[in-house]
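Presented sequentially are two complexes of chain A, the first with chain B as partner and the second with chain C.
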Partner chain A sequence: MRLSDLLRFAGGALHGHRLRTVLSVLGVAIGVASVILLTGLGEGARRYVTGEFASLGANLLIVIPGKTETKGMAPLINTAPHDLTRQDAEAILERVRSVQRVAPVVIGTARANAAERTREITVVGTTRDLLEIRHLKVARGRFLPRDVPEAALCVLGARVARELFPDQNPLGQLVRVGEWRFRVIGLMAPRGTSIGLDLDEIVAIPVDTALRVFNRTSLFRILAEVRSRSDLDGAERAVLALLRERHSGREDVTVMTQDSVLATFNQILGALTAALVGIAAISLGVAGLGIMNVMLVSVSERTREIGLLKAIGVTPSQVTAVFLVEAAILSSAGGCVGLLASVGVERLFLRLYPDFPIQPPGWAIASALAVSFSVGLIFGILPARNAARLDAVQALMRRKT
Partner chain B sequence: MSFQDLFRLAWQSMWFHRQRSFLTLLGILIGIASVILLTSIGEGTRVYVLSEFTQFGTTLAAVNPGRIETSGAPGALGVTVNPLTLEDAAALDRIPGVERVAPVVMGAAEVEHAGRSRNVFVYGVTSSSPEVWRMRVRGGRFIPEMDWRRGAPLAVLGPKLSRELFGDQTSLGRHVRISGQRYLVIGVMQPKGQFLGFDIDDSAYIPVAEAGRLFNRLDLHEIDVLIANSSLIDTVVGRIKRTLIERHNMEEDFTITTQTGMLESLDRIIRIVSLAVGGIGAISLLVGSIGILTMMWISVNERTSEIGLVRAIGATSTQVLLLFLTEAILLSTVGGVLGLVAGIGLAQALHVYLPALPVSTPVEFVLLALIVSLLVGVGSGLLPARRAAALDPVVALTEE
Partner chain C sequence: MIELTGISRTHVVGGNPVHALKEVHVRIETGEYVSIMGPSGSGKSTLLHILGCLDRPTAGSYRFGGQETARLTEVELSRLRRHQIGFVFQFFHLVPRLTAAGNVELPMVFAGVDLEEREHRVRQVLEVVGLTARATHRPDQLSGGEQQRVAIARAVVMSPALLLADEPTGNLDSASGREIVNLIESMNQKGLTLVVVTHDQGIGERARRQIRLADGEVVSDQRRDGTGMAESGHPTSADGA
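Entry: the complex of A and B
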């Protein structure tokens, strides 16, 4: 029997029982669509996180004061006996050769006043190099000047500028933060939230001034950008050694690389996606059971037909092939319908949430289709073998039920 | 036709097609089992997390510097122009309805003894902290009552830290160096275990003024307030807010989190996640009910002449409808009950195998699963049953 004959034969049988065919296909389609959609969601979440981190710059070391051996969900450490200072940051830039830029960072909240308008803001005390390290853009004016760690100058985030100065040019105006007055020298381009910090809400001021405003002696963190990715490990060791030397022999800072943070995120998201997809894949098994059941019914209904086939010389393996092909057609049709449905839902999703890059990876689609095909083959084996084992004479004599 | 008859007839026809009935109800079984398993894990997690939080007491309120609305994360920033001070804490202590106040300064530091050292969290606390945090001292005593602004070189160790530094020996009466400064160990805490993966036992406690000196900061990370009783929470939180605003130049530059508020939002989050995961599990149930629909449809087709006969001897179309509906419901509820047993069994087995994973199956879930499987039977049986009921007896009888 040729493949085309097999297909035609199976197709004819399926066409004869349209409703049950449609229902069997529907079962597999629901399973395949949910597996593909969940993979797409997981992949989308992964891309979203990766994108967020990429905007940070890929070759970044983050130095945080304090170090603990306690594992687990530790609160973000930012207090340690030894201050992390701007001098530490400068030493990193001078002494660690692979580091090309550093930005010391102090973050805090304060109330800002300008011309009778008041609002809560996030103050970021830093230096000029933050601009390149975080890939920020200045819309008007300029960013903090180089080598002036202490001055009463500030750069406003997009929303802060709009809300403090709704109908005048903020450049050159004065903003009061706490007890201090700052002259506005630049406006940031709108940027949105990046890793939990809304960059449109910030007011950037020189780092030493920020320490004074908040009455602090220690930086929150130091961002250090290395020349190339391959330098990251070496630079991490060099920074740790340098700071140990500067902090009287104690290793009291934590250095994180963006890669390690990203790897943790990827691991968590990967495990989560796998778990959800696994749960959804159970439904494929249930759909397979449905196919098996329908095929069993189909074999018992077509006992006489099978007897006839055998009588005219069709071998048992050919009979097996006929029913296996029928089951495989059912399940692969389900796979295709499921794929189409998932594409439709994705389109809808993208229209509703254009920022979230939902997209199942190619391998997920391919394997979902492969699985749907094999579901038919696996669950078709038992009915097909039942059919092949039928004795031709008895099958022909069996009264139609 | 009595209910018993209906049931018997449905059972007979189910039994006659044992194999296909089994496969059909297996689909429902798997669906119900996965939903029950997943929601049991979700509920277990919820109960676990809530108990982790309530171990600190439900009448606790935490005051942190900074406004959440601006920064998004008070713990990450927690720096403001007007920080929280010991004087603020003392002022809160005078508010009626406030039982105890625990100011906190915390940081990471190295604790050493005889060549062994360990980097841990060091908390600057006062004598009121054990009561506020519901912690107990295992040996010795906690930081005694003293002027908050004056320190004393005394330290209390968490049990894990004590073991790491002193082994099996007692640490009481010995000295440790915390970031180079000598402290006399006057107490060891009782084990409290992990809090959401964070080991509380691996820390050291010193007077709040000492921590301020050690970490070179005059302000507090947090002020924890124990409220006298739970009916007073809202009133007292209002008073705390007014007192602090007055002390901070009329600015609300702090955030108050109540334990009850936090519990509510956690509870909501976990419920939503668990519902979503349960929903994904329910996809199997949907596919399983499509299986029932298919098999009942086939069954109606096969038994067309039988239906004709039953109608010819006087059965009404309602009775035929009920007959097929009963069969579908029987399939789905038997599958549901077995699935329930399998789901609970799997959940418990998982708990034995992975004791860290809490599971819990409340009675509501069991009832809900049974109701759902009943509804699945009605939903998927209705269409085939109506088709059977609508058959014309004469046509049905002649069909063969």
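Entry: the complex of A and C
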């Protein structure tokens, strides 16, 4: 028997019960679409985070004061960590050869006034090199000057500038932050949020000034950019050794690499995606049971037809094939409809929310289709074998239903 | 062509054995026209199913064309039915979603006959049964007599050696019934071996040879020659010599 004849015969049987066919196709379609969309959501989130980190600058070491560790006994002497200072940052730049740029960072929130207007802002105290390290762009004026860590100068984020000085050129104007007054020397280009910090909402000031404004002695963190990715591990060890030496032999800082942060996010989002796919897979399984149910009903309704097929010399394996092919048609049609539906939903979401992170990976689409096809074959086996095992005489004797 | 020796068929119903056929001996030669008659429950349908290889006897030997059918596998029996045996049923057994032509084509579809050959043979047999104009109608658009003619076309489309008809007129008015009987008799005249199971005396007595069953046993096996009736008086066995 030819495959095309088999497909035509099975297709004809399905066509005879349109509503039933449509419903079971729909069941599989929903399963497949949810697998694709939920994988897309998880994968999109992962890519979004990865992209954010890449925009942050790839070869970055992040030095944070304090060290996370668990000890068996409460320390007897005071183990409060040394401050992380601007001098530490400068030492890293001077003594660790693979580090090419360093930016100390102090972050705090404050109220800013300009003329009549007041608003809450995020103050970032830093140095000139932050510009390159975080790939920032200056729209007008200039960024903080090199080697003037204590000047009363500031650079405004795009939204801060727009809102504090709605109708005038902010360059050269004065902004008051707390008790301090700063002259505006530059405006940042709009950038948006990056790792939880809205860069349009910041006011950048020199690092030492920031320490004084917030009355702090320790930096929030030090960002150190190394020349290439392969230098990251060596630089990490060198920075730790240097700071231990500078902090009287105690290892009281944590050095994170971009990679380790990214790996953590990847792990979390990978687990999230797996959970979502698991839920979606359940719906695919339920759709499989739906197909099995429909096929069992179909076999019992078509008992007479099966008896006839046997009488005209159709072999048991051909009978099995007929019903298996029907189940496979149902489920793979469901797979295709589900794929189209998921593409449609994805487009719709992207139109409504252009930033929505949804991007089903190719492997997810391929495996959803493969699974949907095999769902029909697997759940079709039992009904098809029932059909093939029917006793021909009994099946023929059945009166019209 | 057909040689039944000591055929018995026992069903088990509710734990008790029911003897549908007991020690039946029948020989049927190629080209014969045989009717099998008897009251309901006499075993005539069981005999027909065994002849058609849809059912296997519990005991005895059934040789078809010299071949012992008990030794054939399920697949070999399917092939035998496909190529050698055509069935006509009381309730037609047409596939409702297929057209007349589609129903006639069915045995060839599963036999893997190629499309061109299929179309040619469907046209041929539909012409023989006089339904060329109705080829694209579905069963529910056909009268009972027409449906049975489609079933006959389907039964002979693979050019079988044996045509088995189970109450072929049982569900038809007498005019359509006569047409159907004429049709299958004309096929017998062209050499097709014909076995008709019926409880209708009028139909059964048209056959040249009449086998009567009662309680699973052959009670008479009469042969009507060109000149008249010939009695063969052996109650449990008969040969076609």
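We take it that the second predicted complex is superposed on the first by the 387 of 401 C-alpha atoms of A that agree within 3 Å, B and C clash if a C-alpha of one lies under 4 Å from a C-alpha of the other, contacts with A are read in each partner's own complex, and residues count from 1 in each chain.
Just so it is clear, a contact is a pair of C-beta atoms (placed from the backbone, for glycine too) under 8 Å apart; a residue touches a chain by one contact, two chains touch by 3 or more.
What you see is a predicted model; the values in this text were computed from it and never measured.
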* Asked: Regarding the shared-chain residue A:Val393, is it in contact with chain B (first), chain C (second), both, or neither?
  -> second
* Who does A:Arg250 touch here: chain B (first), chain C (second), both, or neither? -> first
* Please name the chain, chain B or chain C, that touches the greater number of residues in chain A. => B
* To do: Classify the contacts of A:Gly16 with the two partner chains as first (chain B alone), second (chain C alone), both, or neither.
  => second
* Could you look at A:Glu201 and tell me whether it touches chain B, chain C, both or neither (first, second, both, neither)? => first
* Asked: Between chain B (first) and chain C (second), which, if any, makes contact with A:Leu309: first, second, both or neither?
  -> second
* Examine A:Leu276 and indicate which partner it touches, taking first as chain B and second as chain C; both and neither are also allowed. => first
* In the overlay, answer first, second, both or neither for which of chain B and chain C A:Asp5 touches. => second
* Structure fact -> On chain A, the footprints of chain B and chain C overlap at residues none
* **Complex interface listing, chain A residues touching chain B** => 19-20, 23-24, 26-27, 30-31, 34, 38, 65-83, 106-111, 120-122, 177-179, 196-198, 201, 213-218, 220, 250, 252, 276, 279-280, 282-283, 285-287, 289-290, 292-294, 296-297, 401
* Structure fact -> Per the touch rule above, chain C residues touching chain A in the complex are 49, 52, 54-55, 74-75, 78-83, 85, 87, 89, 91, 93, 95-98, 106-107, 109-112, 154, 158
* **chain A-touching residues of chain B, taken from the complex the two chains share** => 19-20, 23-24, 26-27, 30-31, 34, 38, 66-67, 69-73, 75-83, 105-110, 118-121, 179-180, 194, 196-199, 202-203, 214-219, 221, 251, 253, 277, 280-281, 283-284, 286-288, 290-291, 293-295, 297-298, 302
* **Residue numbers on chain A that touch chain C, as the complex places them** => 1-2, 5, 9, 12-13, 15-16, 304-305, 307-318, 392-393, 396, 399-400
